[in-house]
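Okay, here's the structure, questions in a sec.
Each chain carries a letter (A, B, C and D) given by its place in the written order, and its residues are counted from 1.
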Amino acid sequence: MSSQFEPRDPDFKKRVSQSFAEQAVMSTIGAHLAEVNPGRVVVELPYRADLTQQDGFIHAGISSTIMDSACGYAAFSLMPAEARVLTIEFKINLLAPASGEVFRAVGQVRKPGRSVFVAESELFASAAGSDKLVATMHGTLMAVYPE
Amino acid sequence: MSSQFEPRDPDFKKRVSQSFAEQAVMSTIGAHLAEVNPGRVVVELPYRADLTQQDGFIHAGISSTIMDSACGYAAFSLMPAEARVLTIEFKINLLAPASGEVFRAVGQVRKPGRSVFVAESELFASAAGSDKLVATMHGTLMAVYPE
Amino acid sequence: MSSQFEPRDPDFKKRVSQSFAEQAVMSTIGAHLAEVNPGRVVVELPYRADLTQQDGFIHAGISSTIMDSACGYAAFSLMPAEARVLTIEFKINLLAPASGEVFRAVGQVRKPGRSVFVAESELFASAAGSDKLVATMHGTLMAVYPE
Amino acid sequence: MSSQFEPRDPDFKKRVSQSFAEQAVMSTIGAHLAEVNPGRVVVELPYRADLTQQDGFIHAGISSTIMDSACGYAAFSLMPAEARVLTIEFKINLLAPASGEVFRAVGQVRKPGRSVFVAESELFASAAGSDKLVATMHGTLMAVYPE
């Protein structure tokens, strides 16, 4: 996929991968970074029974975990090398039960800025080779610069 | 604390506890049900290094996990015995880094209905005996009745 | 534009137009219905100086007014003839100042249901023939049926 | 009411009033500033039939208009004299139909910052001397400083 965004740090892929590796929660839940492009990041999570809510679906908070990281790293991929990324807020709409074999959070920057970024994430559940949109996230991220 | 809400199922505490126990993700992350009152539920999570993001704070998705369950069970506590609860959407504002020893999500129903409930959750981080508000959630829940 | 949705009421265009005409606020602010398709509705508002905030841009609440109606009627277009539509909640992200000659709110259903609809709206500002995305809305609507 | 916040500009009341007076939309819809305290601002709107949606209730976008200004000026009241205020995003939950004689948006800062403010607004509808909560807003505002 070609991107509409120009990264400000040519080493953005490495920077995103390193930061993702430092999110201890990702290995705890079994999520990994599947794609990193300028302004677009995909995080994948295979189904695990120990991440579910009372009906056996992936808990909305776990869906939020990978969708927030997909949004955050999509924004981070466009930031200059010295910036840190911070989520200010997000909203999630749950469209369908999160059932499936693999969950794929596709995060994309909607509007980059110097300090404020707007990004969104779609969560797809795959089962038997077909994809279903199960949730959307819309959030605001901030670039924090050293004093 | 006295409540402004009248539960429709006198066994609401038992029903909430049983459903919470079926959320496998709660034991995975180490969260427990701390209080159940009509329209008000508290979920607690002790800090764990394996639930953090890149700066060592609890990941916003994990905060969402306990805040969503606090909202959901606050709503569920007011529903009739035959209803199931479903989160439709929520929004979270992150006010401060989620650092501390224990995290306490206080969920409260703002507006009950037959099918639609509006609830909110505040997340407090405790350390050295003092509490700090670190996040707020505002969400919509639905009561689903058997056909 | 061809639509992915099948309307349940063949007279949906008439029903949407009549209901829109009953929204007194629309003529007060000078907004009109520009397009009605199954699951997709466009509302337009020419710039007016008496609808602005302190910097001379269209007030975010006025932007919300046309975006909410675009979402609401996109959902309403897919509802059966006897249903009424109700907004439960929405979130708006303001991406750029609402300056321009004409504002165009494009509402689209993301997920239809029997009672719950998820819809989104994008607000474009046109000036000198070019379009700029200035805001996004994501909301939940409800179909209310007669008892 | 005593406030928990210390204003950084002693002339905040004058600054808020002047900026509010520059929001042309406020006189168009008939809204006025009812209270200005540090971090807390109240905007009032008497009912008008020409601001309604199809069922005769105040349109959600008009409710948003006064709730957004209440949030925005609550934040603005705590900002230094040289700052401008900008809404980044907000979410609104509609709890009950906006019917009544007077609508009162009570905006309060939840978390002040140097650049990012989190604020919330509650909308009360008054009729025959009693108040009803009809909507809540939760938003993020930004202080913009001269270069």
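The rule is simple: a residue touches a chain if its C-beta (ideal position, glycine included) is under 8 Å from a C-beta of that chain, and two chains touch if they have at least 3 such contacts.
Small disclaimer: the values here were computed from a predicted structure and weren't measured.
Visitor: Greatest Cα-centroid separation from subunit B: which chain?
Guide: Of all the other chains, the one whose centre lies farthest from subunit B is C.
Visitor: Per the centroid of Cα atoms for each chain, what is the distance between subunit A and subunit B, given in Å?
Guide: 23
Visitor: Using Cα averages as centroids, what's the distance between subunit A and subunit D in whole Å?
Guide: 33
Visitor: Counting only residues that touch at least 2 other chains, which ones in subunit A make the list?
Guide: Residue numbers touching two or more other chains: 88-89, 91, 93, 118, 140.
Visitor: Make each chain a node and each touching pair an edge, then name the shape: line, ring, star, complete, other.
Guide: complete
Visitor: Which residues of subunit C touch subunit D in their complex?
Guide: 19-20, 22-25, 27-28, 49-55, 59-69, 84, 86-94
Visitor: Quick one: which bits of subunit B touch subunit D in the complex? Just the residue numbers, please.
Guide: Residues of subunit B touching subunit D: 91, 93, 95-96, 110-111, 118, 133, 136, 138, 140.
Visitor: Okay, in this complex, where on subunit A does subunit D touch?
Guide: Subunit A residues touching subunit D: 88-89, 91, 115-116, 118, 140, 142.
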